[in-house]
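Each structure below is given as structure tokens.
What follows is a pair of complexes built around chain A, which joins chain B in one and chain C in the other.
Right after this comes the complex of A and B.
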């Protein structure tokens, strides 16, 4: 399974955490398409805590965290 | 010719009651812009670097920037510049709201407060008229009540700056509050105000705008461009308004850099409970904004039925993960207590976290705690110890109120204090995010994130994504961020505009308002000059090269859990690179660097 964590506005109309069968997606981009999240809405994209891109492959056991554009201090 | 300064400074001597009006040195203002830069240069020239920070000899400079109050984005800022009683070095604490803009509209670029009042006093400023008034009846009053009471007396159009009980008692982590919940929070500036027996400064003004702009048309044009940049950037247009800085809890936790239980861990399983998302869902009433700010990052929340200012990311972390507490309502309450007592909502909870580790290690005993043991996650301890720090009575109260460095030193465990230059570090683990460690170690005011916010490129991907795990190029990035930040602080803009705006936008605004013709490069050089004058103040105050450091834990104890497990700070590698970029040797500028920056008066000092 792949654990997808959604944050901030990406949660609107979606669950906070979504578990996906690893066979159904091969990249982070696939996850976005599957969850119907437009790429431009995602600013920070983490796989297991490290910044990655949409083409990054994902595998069983990965944690993918997605954030919209945000700032703070 | 109009130049965005009123060219007027009030010098108020509380010992004698004398009030003098001095002319702003315009050449100096051009060289250091205003606010943080000019204030530091003025303090340096006043020769107070060697004095006891809590003695009448120390001076307090309340200073605006040329843009403060101007018709441009996020210009509600003023700064308090003084010698810090917490660090013994330069303090420059920056606050929003509207107080700073009103001080400027009243016709003052800055006020210098010196001496010590014979009895508790407050200052009333009404345009040109400045009076010293009796504050004895307000003694012991909490901050919001002081604000309300003084407004009742002086009129609802007045803006009030004050200290709470913590400042009165010269607690080393005391803040200066203004407009109820805005704070010049760090480095104990409130204690300096208390040492002068100055309870409050009330400002009224007849002007509603800054009417000394050099080129109104050019400023309109530069503002229009800046507003477009802010509007087109999703962070400044909607991100900060929707979730405030609190959004960072989940992000920083997910990169395994949310210090937990006094930095013993770096990933907090219960982070969701104390996150910006949960705050918005459970307690948010609305977003709040400072004067002329389109960003509106502030949180207005409901704390047990009272509508008040809500916590930023920092107290959410510090009272939350860092103390092992996932009760968000308690964090809201403690944040409110910090505002009411007038306390730094970073240093206070971090000191409680350090005390909890001392308790865990057996250094502080249960019998020392007067019925409230310092156990991890104890909500009772968080509330009670915040109150005790804000109004100390027992020996341990006083020790706690002097900050984590002095507390841990007392118990023979200095390494438990997660501070730099005796000021507590904020909410980003410098082992998991390499560049922010350079900012912490070299910040002239001690542990601080807003002196060069490397989280922007290393975590948020602004203006571009850097790999947080490596030290490469971070020294040069940190220097540039520090220099630009010094410029923004000195102009009187809010730093948050820099999530969208770059050096060119600030340069255009500055030139339009003040009538200068600087290039962006020249403006960044002013930032460099400001960073160096701060450093020279610290040198005069007795700073040593070894003060540019990080706690041993960050260098020698790898992160134990979460995504950044195994990482340590690589500061020993990056610090020499940073000094080279700055033109410093052993933590201080060379004569050549001082000459290049036009700081000839500091050569040989």
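Right after this comes the complex of A and C.
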């Protein structure tokens, strides 16, 4: 399984933590598509605590954290 | 030590307090975050501030902007910053700059400062500030807010921190901001800024993310 943790507004209409079968996704981008999260609505993508990109591969046991962009002042 | 700074000690040393009185800080943006940045810097006794903002206050700013009172609707934010600091601590010099930071003026505006603090409200404006900080070799304390969320970080010249944080086509959907979010963000930024100004050890390229709705606090190393 892959554990996906969503932060702030990405939780709206979704769960805070989502478990995905590792066979169903091969990259972070696949996870975004599966959860119907547009790429431009994600600022930080962490895989096991390290900042990665949408094309980064994921595997069983990974923890993926997704944060929306924050830019106001 | 002047009485007004007595309660800064021993959290700051007497030497650090004196050091702050001789420091110059650019506060870029004097709205939600920026108003609190200016307030906190003035209470600490930072000797010189350049308050940069092209805008005047409007009614929708009242929910969160510390420098705004109802009578100041239509008044320039940078000028309000200067006047508030004079009422708090007349030893501090504040230079109001009623202009937007752009690629032509940014480096010149911040070049005579020791530090730039981010009170901006857009990603393109932050990229301009970060580029100017790289060009002038000035550290930059980033801060941004949205709704209940505040995040802050130290960016050192040339570390490309913003490029790591914001992909090129990123879109911000939530334009709301609550009263406490800029106060919290500015507090984190000024604490980081004081550490930079007094030469204390500090980590750069690390994002401090705070969700005040769920009381979640994350420390995120951003690969640069």
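Rule of thumb we're sticking to: the second predicted complex is superposed on the first by the 70 of 73 C-alpha atoms of A that agree within 3 Å, B and C clash if a C-alpha of one lies under 4 Å from a C-alpha of the other, contacts with A are read in each partner's own complex, and residues count from 1 in each chain.
Throughout what follows, contacts are C-beta pairs under 8 Å (C-beta built on N, C-alpha and C of every residue); 3 or more make two chains touch, one makes a residue touch a chain.
As the structure is a computational prediction, the values presented were derived from the model and not from experiment.
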**Asked** Touching A:8, do we find chain B (first), chain C (second), both, or neither?
**Response** both
**Request:** Report for A:72: first if it touches chain B alone, second if chain C alone, otherwise both or neither.
**Result:** both
**Item:** First, second, both or neither for A:48, with chain B first and chain C second
**Value:** first
**Asked** With the two structures laid over each other on chain A, which partner does A:39 touch: chain B (first), chain C (second), both, or neither?
**Response** second
**Message:** After overlaying the two complexes on chain A, where does the chain B footprint on chain A coincide with the chain C footprint?
**Reply:** 7-9, 43-44, 46, 49-51, 67-73
**Item:** Residues of chain A defined as touching chain C within the complex
**Value:** 7-9, 38-44, 46, 49-52, 67-73
**Request:** Spell out the residues on chain C that touch chain A in their complex, using ranges where they run on.
**Result:** 29, 31-34, 118-123, 126, 143-151, 164-167, 169-175, 177, 182, 207, 209, 211, 213, 216, 218, 220-223
**Prompt:** Along chain A, where are the residues that touch chain B in the complex?
**Reply:** 5, 7-9, 11, 16, 43-44, 46, 48-51, 65, 67-73
**Fill in**
Interface with chain A, chain B side, in the complex: residues 233-236, 239-240, 242-248, 250-251, 254-256, 272, 276-277, 297, 312-313, 449-450, 453, 455-456, 459-462, 465, 467-469, 495-496, 499, 562-564
